[in-house]
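The chains carry the letters A, B, C and D, assigned in the order they are written, with residues numbered from 1 in each.
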Amino acid sequence: MQSSTATAGVAGVPHRPQVAAHFASLEVQNHAARLGMWLFLATEILLFAGLFVIYANYRFLFPEAFALASRELNLNMGTFNTLLLITSSFTAAMAVHYAKEAKNKQVVLMFVLTILMALGFLVVKYFEYSHKFHEHQLPGPYYAFPGLTLPGASAYFTIYFLSTGLHAFHVVIGMIVLGWVTLKAMRNEFSHHNYTAVELGSMYWHLVDLVWIFLFPMLYLI
Amino acid sequence: MSAMANESFKEDREMRQEHHSGPGKYIAVWGALMVLTLVTVFTGKMHIETGALALALVIASVKGALVALYFMHLAEHQGASRVVFITSMLFVVLMLLFTLFDIGTRFRPALPNAATPQEWPVETRGQSGRYGGGLKAPGTNPK
Amino acid sequence: MSPSSSIAAEPGAVPAPDEHHEHHPSYLVDGTTLKSWLLTLDHKRIGVMYLIWVLLFFLIGGIYALVVRLELLTPGPTIIDAMTYNRAFTMHGVVMIFLFMIPAIPGAFGNFMLPLMLGAKDVAFPRLNLLSLYLLLTGAVIAIWGMINGGMDTGWTFYTPYSTHTTTTVAPILFGAFIIGFSSIATGLNFIVTTHTMRAPGITWFKMPLFVWAMYATACIQVLATPVLGLVLLLVVGEHLFHFGIFDPAQGGDPVLFQHLFWFYSHPAVYIMVLPSFGVMSEVVATFSRKNIFGYRAVAFSSLGIAFVGFFAWGHHMFVSGQSTFNAGVFAVLTMLVGVFTAIKVFNWVGTVYKGAVDFKTPFAYFCGFLYFTVFGGMTGVAFATASLDVPWHDTYFVVAHFHFIMVGATIMAFMASIHYWFPKMFGKMYHEGWGLVSAAFIILGFNATFIPQFLLGNAGMPRRYYEYPERFQTLNVASTAGASLLAFGFLISAIYLTYALVYGRRAASNPWRSRGYEWMTESPPPTHNFVGPQPTYPEEPHFYVEPKKAEVPDAV
Amino acid sequence: MNELLNNILFLPEQASTFAERVDRLHYFVISVTMLSSLVVGTAAVFFFFRYRRRKPNQATEYVVPSVKTEFLFVSLPLFFFLTWFVIGFRDFVFVSTPPKDAMDVYVMGKQWMWKFSYPEGPNGVNVLHVPANRPVRLLITSRDVLHSFFVPAFRIKMDAIPGRYTQTWFEATKPGTYQILCTEYCGLSHSKMLGEVVVLSAEEWDAWVKEQRKGALQNRQDALADLSLEPHPARMAEQGQKAAAEVGCFKCHTVNGEPHIGPTFLGMYGRTETLDNGRNIRVDEAWITQSMMDPGAHLVAGYPNVMPTFQGKLTGPQTAAIVEYIKTLRTPDIRTGASQGPTYEPIQ
């Protein structure tokens, strides 16, 4: 969101981005964009914080149910997804590195890899979800899993679906953002002077990773 | 011009210097993250009685710190970005603490009664410990 | 730069025209098409559009308030039935809080003044700024659509499980509030980045005017608290539609947890509403008593202090909600700190007038009202925070009176003060001073007459959100309604003479108040790019009215 | 003095031990508040006149506070605020920790009435009898949404949360009748959810209890409620059936599962119905009550909007009884509502 305002109007001037009229210099403009992005990420962190608080509260109240319910999740799929997301985060970081060196082809490659891994993450998530639907391990009143009838089990699955669902939504948004930056990289736009869009896009992706790093042990490992 | 917003120039310098360090750092961080993931899965599978959650959270925090510091470049630029990130984390922690204080110290019968699609769990330790203090589950009332 | 040159430049400081352009049209006439307004990226035009919209929302909320007050004229049904009444007070709260209080001062005056005070050409992200306005309007449209198609009867606090079970239209209104949250975040984010990166040469952090400090603190709260509200609103909508059971006790959920999450936003939101008014009043008191702010750093830091501690005082809304006694103690003592920070501000404002040169104009009249309301309203807030006094007062009219003393008494006083103070700046016209003072008198007296009886009603034990009430409360209710009509009359006078001034008012000087504020150092109304030609040098200190020869030796009191 | 302040502040009479404590703090806080508003206001007004502007471009002296002044600005309010906190929190702990020898009364709020029951009986609606000069612990819960139990004369208040218990206590100091109000917004008739506490002297209390336990019906509690002393759901259902027959529910609603002009009552409670606006709702007390009072508001899909309103034709207890009756017509696969909560057993 910020990157779009900050680096607008770059098309046609490949190696020197335009400074918007109200900024004193390019450095200030980049700084503003980056700070804006950090603030935006802070809002994302607090958005997920609400879910973490709900999780912590119910886990405190129903420890056994949560421990048993977490074992209903597929740990292998979860681990695989974690490794996938970390690797995608790594490729996103590498994209920033290449963008600074003006290697636009490598930037494209890295982002395409990232997006593919994000897609893989969602596919695995789809299989996990469909299994849960099949087992009726569903939120609140829709929960009808005979294998686990402790109080709190349905709350666990409510939180599971809410938090992974919200996270998956962010994955999709992240894919769109990265796709947009990839298109810019295909037009050879990035250089030593102009890599803010890459940096901000990848920062968003790292946040998606960061959230998952906490969600994973919370939901799968306890 | 030079007097203007020194913050911006400092950060710009830091960002530019950083790229000389090469991709080695990213690979090292990536490796560390992979290893830590496997470690946390391994310790998670052991189902340790006490401190399993604390251990998992410590590992997750280390991983999160690595991502924030190196992938998100917090290690290189100080200033406002860092304050923003740390403040948001602090607020998350405080929000957690205050709500947990509440349910940890609340009048016990005022805690959620754990209704699920099933009957009230007569056999769980719920009523004697957590739901003690004068109130009991249906069916266990001696009168 | 020496202070003397800043004085020389002061009365009607119009910088020398730029050599390339002879004439710089003011932002008001630079482009007259509808499109040039609706799609503008100019922070000043966005500010003016915000002002128009929040005034409209204020009118809507005010009409709801009058309906509520009229209904309470008699103990039984008066003009509407119970369901309509319940919807009316809910809508009064929702409109006033989400559509008026939160965007009013930041959206209208923050947008207009912040870049001018920092000597910037615009805010950091002008498009985001425009987007925030349209997000507000989108949210408002969705919410108002919901109000027309059924309305909501939960009270603005949306407490579960009532809000998840009521048959009224909860979903669109909460979703509207959710979108308005994004608007609030966008404004806050923009202000923080603007303050960090757009300051003109020479403006260090401790040379920023106190209005900027207040807006900065407000923006921090907006950015950090609003996402939590967003999540909570989504969860309540989800509960209402799908009955997840996160907050619904019938399914094992915890409504007290809802209250925690809700007040984690909504208590800091009180400071989103009130901190900007502190900022405005710091400007007004300095300008109209021509005096440096008594303890500048104390006031600046107390804004940040309120923003921080304000986050960890939310539990004082929950003393009788089943929260633990231990938590009640923790939140009670943290609330006291907010009181201390506010007290520092109040003392410093009074100290600012000391040895000043007071010119009793309309904004200053509002400052007087504000000072009294803030002290009284704030101290009753501290009284609530003692925990034991909250037990009889909780959810009675005492609470209603208390927060109206802060919301109306501080925020609306500041809103009215800023309209009058910056009217010549924004529109280049002057309002009629005599009528200004008359309407200020009506508003301040009418406000007292409305809410002092409500304090007493609360003492007597009348709960809030009551459609009918026992007869013994009638006298005080009639008094309150009478006061409310006085208050409405005051606003009506303001609306008339301000509209008149907008059209027929006499041309104002560039700096009619002879203020040393940086926003006054350009023309009024300002040209599109704010400053023409070489940027005026920033004064030695903000709010600096000292004679140069005396500036050397400060008097310590 | 006490009396005078009470009148000035419009406070209701003090009828409990807590009321006396909390009012003392109230007087202290309010007088300091008024005094400080006055001092700040007077100082400000004095400055406005003393330091009027004399010429338009007047310069002023540069005055900044010394550290001592700043310290005073911080410490003076802090001192008062912390003192109040200490007193206030002590009182708060007092009111939130019932004494061990307190007598237990269970309080249930429901839309829109209060039910009271004593561990050994009897139950009652809207009127709570308690002895004077004896601590009474209230264990408060709710059937549907949040309510809040408030007795102004006792200065006590506590929210009622469905499915769990909150507690508060009081010790009434003088016999008399005091009003109970609901202070947590709970829907349409929130303002009608009134009740009263009848405080009896020790002898009267003994007599009252004795009579209650005998099963006599001629006191005002039963006159109001008329459903105590017997297992009340059953009795209420019986009355509900009678009332439903009287007002003519069965002309349109069957109880054997067949749809007629209106949906059948069998299994209605807890069923998920599709409404004519396409929404799904789970039938609960609130919906049934609303359908009796405003039938067109949420019509079940497939049925004509022909039902008249029963607003004013049914009394509150009758409505509650019909709801209770419909609830007994549950089909066996529907689980019992979790909001019933645990049963109680008095603390020892």
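Basically, a residue touches a chain if its C-beta (ideal position, glycine included) is under 8 Å from a C-beta of that chain, and two chains touch if they have at least 3 such contacts.
What you are looking at is a predicted structure, and each value in this text was computed from that prediction instead of being measured.
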* Asked: What chain is most central when centres are computed from CA atoms?
  -> C
* To do: State, to the nearest whole Å, the distance from the C-alpha centre of chain C to the C-alpha centre of chain D.
  => 33
* To do: Report the inter-chain centroid distance for chain A and chain C in whole angstrom, where each centroid is the mean of the CA atoms.
  => 35
* Distance from the mean Cα position of chain B to that of chain A, given in whole angstrom -> 16
* Would you mind pulling out the distance in Å between where the CA atoms of chain B average out and where those of chain D do? => 38
* At least two other chains touched by the same residue of chain D: list those residues. => 161, 163-164, 166, 338-339
* Asked: Which residue numbers or ranges of chain A touch two or more of the other chains?
  -> 24, 28, 31-32, 35, 39, 42, 46, 49, 53, 57-58, 61, 141, 151-152, 154
* To do: Specify, in ascending order, the residues of chain C that touch 2 or more different other chains.
  => 196-198, 224, 228, 243, 249-254, 256-257, 260, 322, 325
* Report the complete set of touching chain pairs. => A-B, A-C, B-C, B-D, C-D
* **Partner chain C, residues of chain A touching it in the complex** => 1-2, 4-6, 8, 20-24, 28, 31-32, 35-36, 39-40, 42-44, 46-47, 49-51, 53-54, 57-58, 61, 139-141, 151-152, 154-155, 158-159, 162
* Which bits of chain A are touching chain B when the two form their complex? -> 24-25, 27-28, 30-32, 34-35, 38-39, 41-42, 45-46, 49, 52-53, 56-58, 60-62, 64-65, 75, 79, 82-83, 86-87, 89-90, 92-94, 97, 100-101, 141, 143-144, 149-154, 192, 199, 202-203, 206-207, 209-210, 213-214, 216-218, 220-222
* To do: Write out the stretch or stretches of chain B touching chain C in their complex.
  => 1, 3-5, 7-8, 80, 87-88, 91, 94-95, 98-99, 101-107, 110-116
* Provide the residue numbers of chain C that touch chain A in the complex, in ascending order. => 120-128, 185, 188-190, 192-193, 196-198, 223-228, 230-232, 235, 238, 242-246, 251-254, 257, 260-261, 529
* Going by the contact rule at the top, pick out the chain B residues touching chain A in the complex. => 1, 4-5, 7-9, 11-12, 15-16, 19, 22-23, 26-27, 29-30, 33-34, 37-38, 40-41, 43-45, 52-53, 56-57, 59-60, 63-64, 67-68, 70-73, 80-81, 84-85, 87-89, 91-92, 95-96, 99-100, 103-104, 111-118, 120-121, 124, 126, 130
